[in-house]
Each structure stands twice: as structure tokens, then as C-alpha cells.
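This is the structure I want to talk about, given as C-alpha cells.
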Amino acid sequence: MRSLAVRRRREWALAYALVIPALVIFAVFTFYPFIQNFKLALYQNPPYPGLPSHFVGLSQVTSTLTSTSFLQSLESTFEFVLLVVPIGLFGGLMLALAAHKKLKGMAIYQVIFSSTVVSSVAVAAVVFGTLMDPVVGLLPWLGLNPHPAILSNPTWALPAVAVIAIWQFLGLSFIIMTAGLQSMPEEVLEAARLDGARAPTMFFRVTIPLLSPTIFFGLVIGTIYAFQSFGQIDILIGPQNAAFTHTNVLLYYVYTALSVQNNPGLAAVLSIVLFVILLSVTLLQFRFLERRVHYASN
Amino acid sequence: MAKVLFEGVSKRFGDVAAVDQLDLEIADGELLVLLGPSGCGKTTALRMVAGLEEVSDGSLSIGDDVVNDVDPKDRDVAMVFQSYALYPHMTVARNIEFPLRQQRMDAAERTAKVAEAAGTLGLGELLDRKPGQLSGGQRQRVALARAIVRDPKVFLMDEPLSNLDAKLRVQTRADIVSLQRRLGTTTIYVTHDQVEAMTMGHRIAVMQGGKLQQVAPPEELYERPANTFVAAFLGSPGMNLLEAERVGDKLITPAGEINVPEHLSAVLDGPVTLGIRPEGLHLSTSGLAGTILLVEMLGAETQVHCSLEGGATVVVRQGHDAQRPTLGDPVVVGVDAAALHAFGPDGTRVAGT
Amino acid sequence: MPATEVQATTRPRSHSRKATLKTVLRYAFLTLGAFIVLFPVYMAVVNSLLEPSQIAHQPPPFFPTNPQWHTYPDAWKGGSLGIYLRNSAIQTAIIVAGQLVTSILAAYAFAFLDFPFKRAIFFAFLMTLMIPFEVTVATNLTTVTSLGWFNTFPGLTVPFLATGFGVFLLRQAFLQIPRDLKEAAQLDGYGHMRFLWSVAIPLARPAIAALGVFSFLGAWNQYLWPLLVTGNNNAVRTVQIGLKQLLNTQLDQINVSLAGTIIAIAPLVLLLIVFQKQLVRSLTAGAVK
């Protein structure tokens, strides 16, 4: 016979044993480096690697935040996000609505539309890189031959990489929208139809409002995705051309600061900015989830 | 097989005493019903026996052992949950077998036991189905089978019939009783349905606000309620209660006088609460004055609600051939004084009655 | 499908003709969508089978008249794709297995056990959802290097062995399991670990499968971290980085690069075909609703 206190302490021990593996990983690879960022941001790295970095206080933060390259990077990031998210979501929604019907062949269409979710940035970049090539691609054939070539063109490079990101995001967007449609109460739609609602009314007054939590969810996921895309830019444009072509999005800037310029201080400042932006977005997501999630028990 | 003993058992959730100083002995082989209104602590008392809820105070024994600190799994009790708690991903056979797999028992023996339990409850045809493919009554029987297959010391049942329709409930009620009598397993059965309690229990323990009010066999509970709560709670409708004062050989109420009956004459003095079942009242020419408030026709009988002078309301039970009174009419309610119960100012039954 | 036919015959004629037109339009739209989605991949397949001289041809060929199947073995050998795929498979398997194990265990503790600082620890887990991996990269590179894990599988995988999203998803799934089941099992003598194994995991299988698929896609498609943490020899370089390299080193052989790309994507297409419904369902049950 074991006493209650012993039993409770055993439960605690078990609980900690279960939680600790994840907790250790998070502590070492998420919290520690996250906190380090705030320290790194206060140190400036010398222009040549190998020399010691020195403490500069907030001056690096202010100089970074006011630099033209940062402001341009911020602008490129928002432009990119504003292109990718709305178009990706709208496309996914249209495809999901079209495929949400019990007709022959829908399963095949659904797999096709979901398919881009499996493509990595590298795959997407390689595939589209060929199509957008100034010599072997489709563009010359279509009579579109900007100069400089599209991926080196300050006007067109960003939309071009956005197209790649949109294509890639379309699969996830479609899956999210389909999930939303499938969990929509069928009766409400039928009732609206019986009430004589016409197609546009149905769509704007019934379908869209009912789907709004899904669309919002997609918006948040899409925004996070878009903020974190930079592989296309790295593969197709590269660090030398990114600034010139206005495609130096924030995360790519972090990457180049780190591995091309060898400047962890700069990378840390940029990381914090990126975190603040993403935090605002994620907080929205949590307020939304909090309202939505129901528990069956308790 | 074992008795269950509560000695001064309390359970507190923060400031709320869900069960308050409970003293109760359930004899070996007895079916005891825990009855009471919603929130009175029945489930909590049951869960303490199971070990799912810790005892805050007092001592709880199963058999001869104090089990306050014993792990649920070591108590050898089986519980039938209100929700049935069947494992949705397992077949009926696997569900019934599940408690046995934990004991070191070989497969052949397990299969035999499952077949026996399933046979007892008429589940033979359903062994390969999943709970999702069963009706409510069938699920209920699977839950019972899972409890009996282990042959535990004590069965605990928490409103196991509340999810069934009225007809199935009557049927299953009878099944549970005959099963319990046959197996002879000590059983604690929780319900807030007094018909269930009256028909099933060897004894009934009535609880209210975490406190035990009375524990007695059904007839005694009905015939000699220990206090006004039990009196009013049991029966449908419950006992009528009237404030009165003894003066000489009269019981004076605002609506009129009643002669002190013989069985009360020696014990009553001063203010008293009188109790009388609806069948102890009749519409008459002499007795208590009032008006007709409501007439409920229930087929075999009619319940006449009367508002007495002075504000008390009583219900009179009439046979269905009696003349039907009209709403709002003045009425005189006759009292069968021999059927009167008497409760003191604190609500407890007057001693010696 | 049969339902619509029945409707069509019982409704007035004009109605049914309108319905048919609608269906035709729907299929037209769907096919157009499928075309847009698949066209880039189709062109990649076509281009991978062309001779180098044909690729630059105008107008571009939309069908390989003389398919060069050898580009696939070429890509396989020339780009060390076999090694990259193997590395990616190992990396992905470690991450998926690790994430499933750590998430299941932690989620169980949060859903079924009580312990001091439970809320604080859970909040910390949720916090990780708000910190993108990318902002931790600089320090992690230092950490991994100082652990001697640069260019090793531990370096590639250990930072990803836990996921806040996974813990959250599975905790939600476990909370859906009625408490009565836990208590019934407890009375029957089942401890936590056996309950987890024989009841909680089977009941949460859809959520676990969905987490598995998301982990798989996330791990397989990782780009930034493998780029930083793998060295120039091919010891642990993953296929994504291999593709970038293939593109850089085989500029004159676009067809071979594309063949390599298609080889790299094939396992995932198979995965998708098997799990597409599951993916949708996981979102229906969990995140969206």
C-alpha cells in the first residue's frame, strides 16, 4: 500500500519525464538562441572576419533600422507577402469551391490541386527557373522579353518569385479551404437554397461568412509561410543580385547577413524585427484559435 | 465480495463540502442505492469508493481494509459509468476482455470468461461489433458485461440507465436487479430517480447537500421518513407538510383544526410540522378550508392541488371515479389523522412515532 | 454522381439542361485549374527528356519527340542524387520519429496528468510556435558547431526533434478522449503508459498521422538549415541542397537538372496520393474547427 503523497509524487515524476525531452530541445534550440539574439544585437562585428566583435549598445539597432537596405528589404517583404497571400488564398478557395461537389473525378482533381504542397522551394525554383529562363524558357515564345531578363529585372523579379511562391502555396491553401468547406454545415447551405438565394447572394452572404474562420486561418498560415520564403530567391537570384532586383526579403537578408557577410550582429537585429512582425500575426492566430477550439471533455 | 464502510468520510473541493461526514455501512452482497437531488454528492461518494477521488477526511474501508490510500487499480472494484466509457476503437469482445488482459490470465480462459459474461447479458451476437454500431441499451449491457467479467468485490454504478428511454429503463432495471441478486456482489447504485431507487435497492441512502439524511429499506423510507426533507423528496408528489400547534387535544392550523390522533397524543407538545401523504387527504365536508388551485388528471388517479387558508399548499390524491372538482371553487380537505407524521421544529421526525 | 442523375431525370427539362451546362462549366474550370497547377511540372518532365539542343528551340517543344531517358540515370549518378536522397530519407525519418515521440509523450502529460508548473510549461511550449526557427539560426549554428555536430546527422536533426505545433495538436486530440475512458482503464488496473499505448494512441491516430505527414513534408523540404549546417562533402547533404548544387554545376544540362528534380519529388507525390484525404481531415477536425 502506497501513500497518497508517494503516488502524487510518482505522477509528477512521470509527467516531467514525459515533458522533458521536448523541453530540453526547446530550451537549447529555441529559447536560448532567441534570447541570445537580444545580446548579439548589441555587438557589432568587424568588417573582416576573425577580429573580435565589440559592444556598441543600441547604435547597431538604430543604424540598421534606418538603413536604406533595411527599409528596402522591409518594402520588398511586404510587397512579396501582399502578392502571395491574397492570390494564393483566392486561388485555393476557387479551386476548393469547384472541387467540392460529389461528381466523377473529383478525387483526382483534389489530389492534383493539393499536389504543390509537397514541392519544396528548391523543386519549385528549379522547375520555374527553366520556364522563366530568358533563352530556353517560355517567355520569348510568348513575346515577353524584358530587358534585363525577368529574374534580373528590378521591376519583374519580385513578381516572378512571387508567382513561384503562389504556385507552391496553392496546394496548402486548397487543402485548408477544402477542410473548411467539408466542415461547413450542409443544412445551412440547403436552407439558403430553399429560401431562393441566388448564386452570388449565396456566395457572398452565406458561403463566405461561414467560411470566414477558415479563410482567416489560411490568411495567418499563408502570411507566416510568405514571410519565411526565400529559397526561390537564393536559388534563382542569389545574394549578389537580391538587393538590385528588390528581392532581398527580410529572411533572405538574415541569411546573407549571417552566411555571406559574416555579421551575426546584423542578423540578430533583423531576426528580432522579423520576430516582432511574426509575433503580431501569430498572436492574432491565437486569439482566433482560443475562440474556436472546443474541448469534448472537462 | 466485501462490505463497504464510510466512517466520517468527507470530500471538500475548496470550500465546498461535496460529501460531509458520511457514515454508512454497505453490507456484503447488498445493493444500496444512493439517492438525492442533483449536486448532493452521490457521484463524489461513489468515486471515493473507486479511488478516483481522494478522501479529504475520515476513513473508507472495503472488506476489512482501509483503502483511503489504495490505488484504484488495487481496490478490485468495477464501475459502470453514466457514459458507459466503452473504448470506441475496440470490438465488444475486446472491450469486455480489456480488464482481464491486465491480469495474468491465459487467452483461452479469457475467451471463456468473455463468452460467459456476454452470454449472461445476451451479447453473444454482438461480439464483433464496435460500440459505434450498437444501440444505447446494447452499449449499456456491454458496460455491465465489462464490469461483471472481472468478478470484482464491489460494483459501482453511476446513473447507468439515464441515457435509456423509459421502456428500456424499466427492462434494464429488472435485469440489473436479477443479475445483482444472482451474483451476490456488493453494489452501490447512484440515481436521482426515486422509482429506480424504490424498486432496486435493498436499502436506500438519501443524501442532500453532502449529508446523509436517512438510510433504510424502501418501505421504511416511505412509511417512516426521518425528516421533512426525506418526507417531501420521496413519493410523487412528496408528502404534504403543514405547520401546526398542539393545544389540548387539537392540532391548530391556520386552515382549521385536526383532532390529535392516538399515536401522536403522547409525544406532541407545542409547535409541530405535520406530514401527510396525498392519499391521506380527501375532499370532504369537514377539515381544512381552502380553494382548488390545479387539477391534474393522471389516468388512474387525479391529483388535486389545494391552496389552504394561511398559505400552505397541499395535494390530494383521488381515485378516478371521484367527482371532478372545479378550479377556484372553495373546498374542504379532510385529513386521515391516523396517517399523520410529525416532525419537530428542527425538521427531524418526532421520537417515538 | 448517381444522385445528380436522378435529379436530372425528375426535374423539368430546361432545368436539367441548365444543370448540365453548369456541370460542364465546372469541369472546364477544374481542368483549367489542373492545367495551371500541373503545367510547370509537365514542362519540367518534357524538358528533362529533351536533347540539350532542343531545349532552346523556339517555339519550345511541348512534347518530347525523341525522349532522352538517359537523363535520369545521368542525374542519379552525376549529381550524387542517390546519396542525397538517402541522406534526406535518414534526416526525415529521424525528425518524424523524434517529433512523434516527443509530441505524444508531452501531449499526454499535458492532457492527462497534473503536475506543478504545468500551465507555465505549456505556455512555454506555445511560445515556441511564435519563434520562427530562422531567427534562432545564428546561435544554433554556433551551438551545433561547438557540440561537434557540424556536417553530421545529429546536427541536421536534433534541433527539430520537438515541435510545439505537434504537442498542441496532439494535446487537443487527447483532450477529446472522454475522461471516463481513462478512469475506467485505471479501475481495470491500467497504468498511464499502457493506457497511452492501447487507448490514447489508437484513438488519436488521425491526428498522429496528420502530424506525421506535416513533419515529413517540413523535414524533407527544409532548406535553410541544411544549407548552413552541411559541409561541402556529401556526407549528410540533403536532396534540396543537392538540387541547388545540381542547378549551379550543370548549367549546360538543364534536362539533367530537371530529371534530378523529378526524382527528388517522386517520393512525396506518392505520399500525397496516399495521405491527401488524411491531410484534409486533420484540418477539418483540428485546426480549423
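Chains: A, B and C, in written order; residue numbering restarts at 1 for each.
What we mean here is this: a residue touches a chain if its C-beta (ideal position, glycine included) is under 8 Å from a C-beta of that chain, and two chains touch if they have at least 3 such contacts.
Note that this is a predicted model, so its numbers are computed, not measured.
Contacts with subunit A and subunit C are shared by B. In this view the innermost chain, defined by its CA centroid being closest to the centroid of all protein CA atoms, is C.
When chain pairs are compared by contacting C-beta pairs, A-C ranks highest.
Centroid distances built from C-alpha atoms place B farthest away from subunit C. Subunit A and subunit C have CA centres that are 15 Å apart. Note on chain placement: the centre of subunit A and the centre of subunit B lie 60 Å apart, centres being C-alpha means.
Here the CA centre of subunit B is 57 Å from the CA centre of subunit C. Shown for subunit C are the residues in touch with two or more other chains, namely 178.
In subunit B, the residues touching two or more other chains are 74. Subunit A meets subunit B in the complex at residues 1-4, 7.
Of all residues in subunit B, those touching subunit C in their complex are 50-52, 72-75, 77-79, 81, 83-85, 87-89, 98-99, 102-103, 146, 150. The residues of subunit C lying in touch with subunit B in their complex are 178, 180-181, 183-191, 194, 199, 202-203.
Within the complex, the subunit C residues that touch subunit A are 1, 3-4, 23, 26-27, 29-30, 33-34, 37-38, 40-41, 43-44, 47, 55-56, 58-60, 101-103, 105-106, 108-110, 113-116, 118, 121, 124-141, 143, 158-159, 161-162, 164, 167, 172, 175-179, 192, 217, 220-221, 223-224, 227-228, 239-241, 243-244, 246-247, 254, 257-258, 261, 264-265, 268-269, 271-273, 276, 279-284, 287-289. On the side of subunit A, the complex with subunit C involves touching residues 11-12, 14-16, 18-19, 21-23, 25-26, 28-34, 36-37, 40, 94-95, 98-99, 101-105, 109-123, 125-131, 133, 135-138, 140-141, 167, 170-171, 175-176, 178-180, 182-183, 213-214, 217, 224, 227-228, 230-231, 234-235, 251, 254-255, 258-259, 264, 267-268, 271-272, 274-275, 278-279, 282-283, 286, 289, 292-293, 295-298.
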